[in-house]
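Please go over the structures that come below.
You will see chain A twice below: alongside chain B first, and alongside chain C after that.
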Partner chain A sequence: MNVDRNLHYVATKRRVREDKRFVTGQGKYVQDVNLPDTKHAAVLPSPYPRARILSIDTAAAEALDGVHMVLTGAQLAEDCNPIRLGLKLPEVKWYALAVGMTRYVGEWVAIVVADDAYIAEDALDLIEVDYEPLDAIVDPEQAFEDKELLVHPGHGSNVLYHGNFLWGDVDGDFAKTDDSLRFRARWGRSSTVPIETFGALARWDEGTEILDIWASIQMPNFVELMAATLGYPLNCIRLHQDVDVGGSYGVKRGIKQSVLVGYLSRKLRLPVRFIEDRLANMAGSDAHGPDRIFDMDVAFTRDGVIKSIKIRALDDAGAYPGRAPFQLAKPISAIVGPYKINSVKYEAISVCTNKSGQVPVRGFGQAPTNFMIETAVDNVARHLGLDRLEVRRRNLIQAGEFPYQIPPGSKYDSGDYPTVLQKGLDLARYDELLARRDKARSEGRLAGIGIATVLEPGGGNNIFEYLMDPSAEITTFMEGCEVRVDPQGNITGIMGTTTSGQGHETMMATILGEELQVDPDDIRIVHSDSLNALPTRSPIASRMAIMLGSAAAGAAGKIKDRAMAIAAHNLDRPLEQLEYAGGTISDRNDPSRKLTWAEICFIAYRAYHKLPDGMEPGFQAQYIMQVPGGGQLPDENNRVQVYPCFSFQAHVPYVEIDPGTGRVSVLDYAIAHDCGTVINPDIVRGMVIGGLAHGIGAALYEKFAYDEEGQFLSATFADYLMPSVHEIPDVKDIEHCTPSPLTSHGQKGSGEGGYLGAPAAIASAVNDALHPLGLNLSELPMRMSKIEALINDGNS
Partner chain B sequence: MKAAKFDYVLAESIDQVVDILDRGDGDAIVIAGGQTLMPMLSMRLARPATVVDINKIAELSGIDVAGDEIVIKACTRQAAALASAEVQTRLPLLAKAIAYVGHQQTRNRGTVGGSLSHADPASEIPLAALAMDAWVSLRGASGTRRVAMADYFLGPMMTARADNEVLLSVHFPLPGPDSRIGTGFHEVSERRGDFAVVAAAALVQLDGDGICGHAALAIGGADSVPLRMAAVEEALCGSKVDRDKIQSALGEIDDALTPGDDQHASAAYRRRVAAVLAERALMEALSEAENA
Partner chain C sequence: MHKREISLTVNGKVHELAVEPRLSLSDMLRDELRLSGTHIGCEHGVCGACSILLDGVPVRSCLMLAVQADGHEITTVEGLSNEDRSPGILQEAFQDAHGMQCGYCTPGMLISAQALLTANADPSLEEIKDAIGGNLCRCTGYTQIIESIQLAASRLREAG
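Up next, the complex of A and B:
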């Protein structure tokens, strides 16, 4: 890492290259890929949360003109394996269609392939399913206890994971400390709900024996899971990664959708497309986020110094967990937040219920965890009658203490939390904000300021999986980058995965341009397909700037080394005497003795006789980046470096609450953000503010609700409420830069952005507003009806 | 979310619409702005055999001042009604209500008649029309009839309009020239532009001595139909009105409402908030009337 050097492109405000195609309607999504003879699929949802499927009569649907096939779960299960889950739970069988039993409202029971989507839906009407409805398992705490009513009877309980971790002397710290408190906080069932639902198009090619698939995918292991489910060798599946993905932040893991179109395409020898409609997506996509109950004990001194915490997290993964339980493990990388907490006890429980399955969502469990930690800090301050800022200042890790190792073993790479917090307060004009709040209160309004100081672990690493399942000895989470220089000297960067709006092409071109001293606008970035891709773990986990960015710098370095070697050989000068400037390599002592970029490229491609001995012709380089600080298994105390880099953000929102209706208005918002070196300012700003809006949704509006019987209540955007432009205030934001020592240019992760702190900050503001009434709420989303009942109905 | 098959007719005249509805035997439906019908068709919650499009019928669009009333024709866009100087100045309660209907983009398509025909119990235009003693003109095969708002709403998404009738227009009576009138409209929804969870529309008319001669209060979202609060209105009429008087009159509101529960709000919430919004709407109306 070298951030002192003079940067030309990195950290410079430059156009985001992807914007042009999106703004002018030139993006290419799954829906835009047109193959001749493509057929269209539609799915039949279960109306029951839990029911035995006694019979399915598909005859009338199959007889409809234009229908090519009707597939049920029974048939699919004969030909395919269950989809592999994150944890090894052999009796939790997840198929793309319900087999024998439906486990939530909206679960897909059958799929129809027809000439068009209209006919496919007509055919759905003709499928007759005989169900025997059964009582559903809805409440996660009951699910945890229940031994009779089971979502997956063969599994023997509803508990998918139950683990206990202890880092440090928790009992001793609780005994030694002046005071403690206990509270419960609840994170509601929300998610990322992109404007593009999941879509997949598959074509089995009998000639090449390759299944081609175009999908709006964002996940590692996609092709491996497809292959394992369909029973194909891995090299029979080719994922086309050059389709744009219309939003994701974790949720575009449409493995069951892709298995279905893959299976149907091979059966029918026709291309089959399935684009979820909104109803199928909201209810049946297995794309809901964490739904979590935290019970927390905090031990602290009378000065508000937090010494130890005990956490019990019970998460409702729904009927099919996928990788959901791991969302309890990843936050171990920053389980004490930005605070110096001496010891931690962590009990993590994942249960299944009769709800749509859970999927990774932005932060992979970190946003709920941050909400819990920040709630704890606010509660300590309130309990002691201390200022929330003062309590934070007393607990924050200080700038001189990095790298800072937390009890579970992760070392925070760098940071300056007190300074960033102060920048946030200055930006918010905190003193004026206090005056504004107090004036509003004196006029009889409920007004509050929120504070949240949170971390964004970035860079990814699979080792948290090992913490839950020691057979998962996975110690790399690599990312590859290839750089090719063509005979004309143009540069092309190749990434091995999809992109879903994060601006990776700009990021990669910027770094390649910086390293090779070439205008990034002249560099092309392409996406290889999965069969010719370098190793990749996909753009998750706030990792691409760290991992792909560093890999791009590494590959560019190899290109430069190769050019230098060619120059040294042809100029007959030692390497140390040569200087690289914008592709031209010259003798420091005699600048007229030089080789231009064009000459170097000519030699590389055409003049073998001028290449150094043993050098292969051509001009390309590959670099595979390993997670910095990763590669280790945990020690005997379960201590391990989970993620490598830690970004920090300080949030200061201002809200007012209408005491008559409970409605919250977010009137002002300031955020200070530190993700190390910012590669492209507009991209980072987009992540910060977009994430913040997403977090306001989770805090106040968004919830996938089920009633007590398990009926699904949030199938449309009339009931699943996402914030609109009216609900998001003008956000004031400022960047601070504490470079990471672990990455090519000091960059850290920023993709999870404001989402990691906004829910905590809004909750803090609402509770500040309720504080004069002696009221407190720690359940998200903080819907107006709940707040109003707290204020106006003593019984609620 | 693809609609089931239906026949589409772009109607050229009201007679043609009536004819199709009459022959449709309950299976023909009118489309105007399509802001509720289109999603219902897509979700197959509505499966008409025939959809009759009235967007091209000139006589069904426009706002007329006719003597002591303002007539808004059924296919008039909500945005056009909101932008109308006549509506702004002479039907201020309607203007206040329409400002809460969806968003600019949906108001550009959505129609005044569409809101009245759909009759969502939390919808704003029906609520204002009810408070303003408006009436609608319905045309069927056997002729045209008039139905007062008080008799029009029968239940959630149910009205007195028969399947073979088309809504022609809504008629708002105008007050006398020297009336001191004020209006108020308040609603609460989770987000701006959502259907109201609860809404209140109020109108207060004072005489020269400041005595309340006429009061109207309508509550939406707290029962199966928008409702006038007759007991509250009676309690306010015939005397001077102030906040205390309004608060005491609103004691009657509870008995008049039978709200439902849903995931957005409990029945108890709707009851309490109905009173809060009613007070705000009446206070706003009173203050306007006093300053008129």
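Up next, the complex of A and C:
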């Protein structure tokens, strides 16, 4: 890491290179990829939460003019494997189409391929399915207990995972401490819900025996899962990663959609495209987020110093869990938040129910966990009659204590939490805000200020999987970058994965430009397809600045080393006497003795006789970045470094609540944020504020609701309420920089952004507003109907 | 299915084509005219990604049939560029203020902003919010979109 030197491009406001194609309508999303003879698919949803499929009659649909094929789950299951789950659950079989039984409303029962999507939808109406409806399992606590009513009968229970972790002397700390409290908090079933639904286009090429696929994807194991499901060798699948992805924030996994088009394309020897419509996406995409009940015990001194916590987290993964249970494990990386908590007991439970399946969502379980931790801190303050800020200040890790190791083993790399909190308070003009709140209250309004101080672990690392399944000995979470210098001296950077709005091309060009002292605008960035790609784990886990950024710096360093070696050889000077400046290498003592970039490139490509002995011709370099602090298995006490880098954020929103309707208005919002060195300020600011808005949605509006019978109630944007501009306040934001010692330029992660703290902060503000009435809510989303009922009936 | 002849002007160019009566305007723009800048997000008229200008007024192209556009004048995001296809003032401002992330809602945002700024070169914050109030964005939280529109407005005023 080197952050003291004079930076030219990093941390400088510069245009985001991806933006030009987007503002001119030239982005290339999967829907924009046109191949000759492409056929179009549409899916038939189950109307029942749980039903036996007695028969499916596809004859009339198949007879419709323009229809090429109707596929049902029974046939698919004959030819394909179930999609591999994260945990080894052999009797939880996840197919792209329902096989024998439907397990939630909206589950896809059949898929039609036709000349266009209109005909495909016509054909859906002609499919006759004979269902035998069954009682559904809807309530997760009942699912946990139930031994009779099972989502996957072969599995023998509805419990997908049940684990207990203990780090430190929890019983001792509870016994020694003055006071304790217990509470329940609930995180509602929401998700990221990108404006672009999932889409995939596949083309089987019989000549090369390669399945080409274009998909709106953000997923580390995509190609491996495709291959395993279809039963192909891995090198038969080529994922085109130069597709723009219209938002993801974790959820664009799309494995079943891609398996379907891949299968159908090979069957029909035609390109097949499936773009989910909004109904298929909301109900049937297996893209819902965590749905979690926390029961928490907190032990603390009478001064409000928290010593120990016990957590029971029960998560409803829906019918098909994918990697959902791991969203209970990743937050172990920061399970005590930014606080000095001595010991932790953690009971994690994942159950299945008759709901759409769960998918990784922005933060991979961290946002619900942060909501729980912050609720605990607020509850301790309220219990003791102390100021919420004061309780936080007494518990925050101090600037001089880094690297700070928490009980489960992770070391927080760097930070200055009290300073960032103070910056947030100053930005919010906290004293004036208090006066404003109190004036509003004196005028009879319900007004509240929220406080949340939370962490964003970044960088990824699969080791949390081992904590749940010790057969998963995966200790790397690498990312590769290649840099090519062409014979003219131009530089091209190659990333091996997709991007979905995070500006990775800009980030990579900025770092390459910085390292090679070249204007980033002159550097090309391309996305290689999966057969050409270096190892990648994709843009999840707030990791690309950390991992791809550091890999780019590493590859640039190798390019420079190679140029220096060529120069040393040709200038007949020792390396240490040479200086690199903008590609020209000269003798420090005699600057006229130099080799220009053009000359170096010529030698590299054309003048083998001038290359140092043993150097291969050409001019390119690869660097594979291993996740810092990775490579270790947990010790005998389940202690291990999970994610490497820890960003921090302090949120201070101000809300007022209409007591008649329960409507919450977020009137002001200040956030102070520290993700180390900011590579592109506009990108980071966008992530912070965009994530914050997403968090306001999760806190107040967004819910995939099911009724007691399991019927799905939120299949459109008219029911699943995503915030418009009118629900988002004017946000004041400020950055602080505590560089990470683990990355190329001190950068940390920022992609999960304000989402990791806004739900906690809004809940804190709502409860501050309700406090004068003696009321408290701890269930998200805090929809107006719920608040109105609480205010006017004293219950929720 | 029986097709109907329609004639319409899109981004200043007259198109005459035969379409099925049930073809949506958004699908016609994307699939028949290959103008892929118009994005489809919900097909329920809620998200606003598919917004276009119909005779200068922003409408949801997913809620209109292509045949209903017969005889009308349409502007899509591609039509906001200059004649040489370089980005227009509004499109430049969205780049300078980074008024987007994934770019998917961006065409609809630009169309709504264009309609606003054509009618009102000096909009207040509330007027900007009202103009884009029917366009959902999951990425940005809207702040940088609002700033982009404010920047474009000031540049348009300077340009007279």
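Operating definition for what follows: the second predicted complex is superposed on the first by the 794 of 796 C-alpha atoms of A that agree within 3 Å, B and C clash if a C-alpha of one lies under 4 Å from a C-alpha of the other, contacts with A are read in each partner's own complex, and residues count from 1 in each chain.
By definition in this document, a residue touches a chain if its C-beta (ideal position, glycine included) is under 8 Å from a C-beta of that chain, and two chains touch if they have at least 3 such contacts.
Predicted, not measured: the structure shown is a model, and the values here were computed from it.
Q: Contacts for A:Asp244 in the overlay, against chain B (first) and chain C (second): which applies, first, second, both or neither?
A: second
Q: Have a look at where A:Glu206 lands relative to chain B and chain C in the superposition and call it first, second, both or neither.
A: In the superposition, A:Glu206 contacts neither chain B nor chain C.
Q: Could you say whether A:Met784 touches chain B, chain C, both of them, or neither, answering first, second, both or neither?
A: first
Q: Touching A:Asp277 in the superposition: chain B (first), chain C (second), both, neither?
A: A:Asp277 contacts both chain B and chain C.
Q: Let me test your reading of the model: by the given contact rule, A:Gln26 touches which partner, first (chain B), second (chain C), both or neither?
A: A:Gln26 contacts chain C only, not chain B.
Q: Of the two partner chains, chain B (first) and chain C (second), which one does A:Glu18 touch, if any: first, second, both, or neither?
A: Only chain C is touched by A:Glu18; chain B is not.
Q: Name the contact category of A:Ala718: first (chain B only), second (chain C only), both, or neither.
A: In the superposition, A:Ala718 contacts both chain B and chain C.
Q: Taking the superposition on A as described, I'd like to know which of chain B and chain C A:Glu121 touches: first, second, both or neither.
A: After superposing on A, A:Glu121 lies in contact with chain B but is clear of chain C.
Q: Which partner chains sit in contact with A:His726 here, chain B, chain C, both or neither? Use first/second/both/neither.
A: After superposing on A, A:His726 lies in contact with both chain B and chain C.
Q: Tell me which touches more residues of chain A here: chain C or chain B.
A: Touching more residues of chain A than the other partner does is C.
Q: Residue by residue on chain A, keep only those touching chain B in one complex and chain C in the other, then list them.
A: 118, 277-278, 716, 718, 724, 726
Q: Once bound in the complex, which stretches of chain A touch chain B?
A: Touching chain B from chain A are residues 42, 117-118, 120-122, 125, 277-279, 658, 660-663, 700-701, 703, 705, 707, 713-714, 716, 718-719, 721, 723-724, 726-727, 783-785, 788-789, 792-793, 796.
Q: For a test of understanding, state which residues of chain A touch chain C in their complex under the given definition.
A: Residues 15-16, 18-29, 31-32, 34, 118, 192-197, 244-249, 277-278, 500-503, 682-683, 685-687, 689-694, 716-718, 722, 724-726, 728, 730-731, 754 of chain A touch chain C in their complex.
Q: So in the complex, the part of chain B that touches chain A is made up of which residues?
A: It is residues 1-5, 39, 43-44, 188, 190-195, 197, 262-266, 268-269, 272-273, 276-277, 280 of chain B that touch chain A.
Q: Using the touch definition from the top, list the residues of chain C that touch chain A in their complex.
A: For chain C paired with chain A, touching residues are 20, 22-23, 30, 34-44, 46-47, 49, 76-78, 80-81, 85, 87, 91-92, 94-98, 100-107, 110, 125, 129, 132-146.
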